[in-house]
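To start, I am sharing the structure in question, which I have written as structure tokens.
Which chain is which? They are A, B, C and D, in the order written, and residues in each are numbered from 1.
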């Protein structure tokens, strides 16, 4: 799946989205709009045209255009579509068995009809960053999708959205071997580039001498490549090498080192974080790194803060209980408050079932002492920031995608239900048609599975009553 | 009472004849009630006749002056050396009539390592794997059988359960033992009449159940295998039981050595076992050292290696009391300091290890 | 006909307490804006005084004295009627299929850190049953989850409860006896029918032994006590077929005139399918933890409104977390999910305090915040069971097990 | 936060990932760091200061500042503001050259390592904080750690300080301190000889790789000078060539023939040898930059190894284990090859290789003037090293040689001889304050000073 097929894909996307957006405009009128960008608006209106929010405000100030399709729900609360910062579900297999496979792409394994996307939609999550799994050293590239659409192209929000590096050892490997392979991947890239530059320069020198011998004046054609930029290390003179001639298997590695692609780094233990930060700094992608932290990584939160990574995604266990060897007592650490006190913005990760999706994680953060706004941000604007889409999703603001979730009440209450979900202005989920959820939550019997009045014959009735005669 | 290393006496080399009595003199003799400077031990017919500083030489007495410290031989609890296949009979769950003594093989070459480490008495115990594994025996390495039936070995840990054979659970095991105690026959009948009980357990909860069982039936003996027995100190004290501590390795939990110190403070009889067969007998002194570093008093540690272990072993071993067999060890220095080496070992007055010339 | 047998014994207990001599100083005082004394009873600004592990007094309308623990709301310590904190298969004697004379008490290990973690989730009292590898596993025991690490200090004298199971587990792992059976797993029931037959045979033999003394067998006395209703039986039955079998067993005993079993269904996931039996026989149900996808053990399916449905029919239900302590699996979270499934707050509170206390026969001692009862309290930083509030403190028998940070 | 800039060949010595260093790590080598902030000085008064085994000072004093020993003498005066500590005995911190302490559990027993796998990558101080603390309390202030298991080539071992760094990371003095290898983990004697010969083959390949590189640098230099000359010549008669070419083009156009460029030939540029990271590392072993620590026990593979490596005169070999190395003592002395002995008591069921294990090996080797070191046998039992040293003394090793094995000899073998192992001015302040003779087991350690800070104080507090 090389570069050319990616470009074909984006072209197809542009075509379909144009049609979807053409000329439709919606107005959603609700009892309350929680914009996550300023104060909530009582009985507000959200105008969405061609998939983008064009106006948000109280009903008194917003003029609904004549041709807008109005959706009215006075007793519901509009909340921004939630954003899942990183997941490797919704694919048939999350990893290739090769250790270093940056040339792969999840676009080839995302499965639109996978049950996972229906779960996400039901929970009000409208944007997902799908990356490869953690059983790798350097995995393939990920993409950002929305949980609706019958083809991968229809689901695509961003075809290219970063790459997964695992510091935590792959199954069967030890930490030492995993890090050796990772370092060798970057060292190998550097040596290859230096070899190419050396070859190009030697070629030029030879051509110059040949021209001298033949009496031609020689004009070295300027290199068709680009000079290498990067904050870690650079190879001088790379402009002499045209980028197309570089093997496409290692081009994504060059993109990493030049900081042109975001890196999702999986670290399950504190030592993984320290090694990960060191490698990211050496190879110049520290500013693009997003750390996926395990439950014990709070022990190096000072180093994480000092390193200035782009973002942090907490594991779904919010409270970490640990008993040091030979200790009598457990030590319990509340992760969200620890990171909040250290001033490290974080995004929450959901455990993909109806009870533990993003809103429930945010509610548990508030229960554990995190301020309500910080918790709500950690499932909307926070993850949007982390995956670099803060201009597109995460809040209900002018110019952003029209992703709304209409709730029956306070977003963090147990009794609240997700009634409707709008993605880019289109009504994509309606609870009244969700038979699977009604069967689970409301005990509604699917048709044909139960008699109207359950007949319960009492098999011991005669013996029991026989005695009375 | 720190031990001063007195100036080295001139070494008299002499062949130890067994005619008449033999007097051994050393810089320090670790007697039953403490170390004696320049002490002497009078040995006749393999038994200790007298012990003291200024013993005069009897007529037929034959004096040997030695460099270093003279002490009783160490006692190792819980070992299966030389038992080869005999350590566990897996056919039945309760074998109260089986004596480990029958499996004792004096000629096994494993005993040399015991003598080399200064051990002169070993308690042979069955491997845990049956509810009642049999009766333990006390032997001298490559020497005589001291006590044919010292304890009845009862296992309260889950090692006693075999799938498919009753009992398969703690409640089942305890009820089976209670039934055998109601109408005691065979080994159960001898309990309290000279036969102690050796309660094997692993976790502290199993230990509690074992101690409660012994208390219910007024049994004497010891609890073995529970590494943190210090947490059961009140129940142990109340039941009057001793504790045999498992060997303490390098990466062991510091609370194991600390629990030895707790038991020591409450004067609960202590001893050290070797546990798995591939443990070297040196592990006894290393474990004792670790317990001392964790707070066990020095003489409590020494008692656990010698006389205390003898008491728990229910046999006349591990002390230099008058009348006892002359099982002695000559160390190059303080026996509790690992830098000191075993120079010579005597069993019943005859030298069985160490070169004659000093 | 709810448990006549046990009310008498509890009352005697209360009278026997010694005459109050000069009141000792209070050990601990705790204050809360909202005190949920019992389901439906809320006291504002309550000050709770604790002495010798018992609640000395509850004073409404007080402000918090300085130095006392004060939180948003307090409720009684929770009771998990199916906590399953046992060392596994070594806690049930499998040499016989019906074991009635043994108790799980002899296999409990209070040094296991799982107890402390369970206590820190607000569960102060639990019923521990032998694992369900037998048809009848023996006696369960009601224990406190914190306190001295000794059996005597932890056991609470409640109803005597026998443990049994219907369904796959008792027959799982048994193979039909081909040729000479080498061990007793080879001749035990290998199907659900076999399990059901063992139940009926046990009670039939017990009834015979009452009539013909020479038909006495070991453990028959306990089965006869069950028939007389003096021993309660917790039967694990996930699917509707197993629940039906359990209730039919009780009705058959009544029909045969052998007696009337006092049955409680444990892990009754599919009780919602045919609740008529339960209403007819007044059998209480202990629900298993709410499943995210609805699927549960032995292919049972439990929707989240089961609590609402069974309460509407007047069936007594209790919730359980099967001893889980995770933030999202603990008993307080299960109460939250029950509320999400339609129960009111007070009903959910009853399902984790008073109802399980009655099922275990310890309602005089635990389950509410009243003077004279055990000082088991759960301290919240918000409305209990709400998604945005958390347990910040736990007091068990007067000892602070979890201190608010 | 201190920085160690030891004059050593192996690159900058940075504390592993100390945060402050992360920020300005690259600038370290650029300029001499400003002298560290005036830390409190520590002034130790002791009845016996064991400067090095065999050299003691009575009633002497030691002044420590900035992680280093400033002065040792018998007439020093405590500078004002210094923290004064009195003790009976002071000696250098113990060093365990053969340990796997601090490695994460998976990396301690590996099979898939090669020479490039680094032990530093597998260090996990968070997981093994308890064992590190215990080793420090036993007096071990530094240790050499190699990846464990019976992998034939264990990779780059590191020298690590036991005392934890401020941020919980580990203070690594040398990221690549030696190469670890094992010979003879299989039962068959010929297999074991095969392993030994394979090691020799690797060293040979490393040496040839270095030779090939040196030859290439000469060839390329020669070729470059020749090319430069020919280019200068070409430039000189460029005009002539251009004129003749223009003439030929005209003729071609006249005869309507296709003009053919003159062909240009020059001698080919010599090819750069392909980079091979593994061979590069083996080259450093062959030229003696990195010592090679080989774990071998039986006589068969030991003699095969010693014969095979005879030819590499600059190779620095260290034998670990060496259960049956006594008969080869003469070669060891001649080639000054140290032996790391593991004096632990083994019961009857011994590992196959250690059938002849005997606690008196250390004493016997020392009598024949072999350089004897004591190690904890590649296990995490580093805390037991002083205990094992006492056992070795109990079986014939002189106490002075045992103390040397724990301090000076171990430092020397792992290239730390210039900063560790002695209580001397300029050395790193790793000191033990004891209440008796360092080797005797009835002695207890009162304080342990690591890098100038009190890392353990028996009375608690810093």
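Methods note: a residue touches a chain if its C-beta (ideal position, glycine included) is under 8 Å from a C-beta of that chain, and two chains touch if they have at least 3 such contacts.
None of the values given here were measured: they were computed from a predicted structure.
Across A-D and B-D, it is A-D that has more C-beta pairs touching. Of all chains, D has its CA centroid at the greatest distance from the CA centroid of subunit C. Chain centres here are Cα means. That of subunit A falls 43 Å from that of subunit C.
With centres defined as mean CA coordinates, subunit C is found 49 Å away from subunit B.
The set of subunit A residues that touch two or more partner chains comprises 325-326. Taken as a graph of touching chains, this assembly has some other topology, since it is neither a line, a ring, a star nor fully connected.
In summary, the structure contains touching chain pairs A-B, A-C, A-D, B-C, B-D.
Of all residues in subunit B, only 158, 161, 163-172, 174-175, 203-205, 208-209, 231 touch subunit C in the complex they form. Put simply, subunit A touches subunit D in their complex at residues 169, 173-180, 184, 187, 191, 198, 202, 206, 209-210, 212-217, 269-271, 274-275, 277-278, 281, 296, 299-300, 302-303, 306-307, 324-326. The residues of subunit D lying in touch with subunit A in their complex are 16-17, 19, 22-23, 104, 106-107, 110, 112-113, 116-119, 121-127, 129-130, 147, 155, 167-169, 227, 230-231, 234-235, 238, 241-246, 261-262, 264, 266, 269, 272, 275, 277. Interface of subunit A with subunit B (complex): residues 325-326.
Interface residues of subunit C, counted against subunit A in their complex, comprise 113, 116-117, 120, 248, 251-252, 254-257, 272-274, 276-277, 280, 290, 292-294, 303-306, 308-309, 325-328, 336-337, 339-341, 381-382, 385-390.
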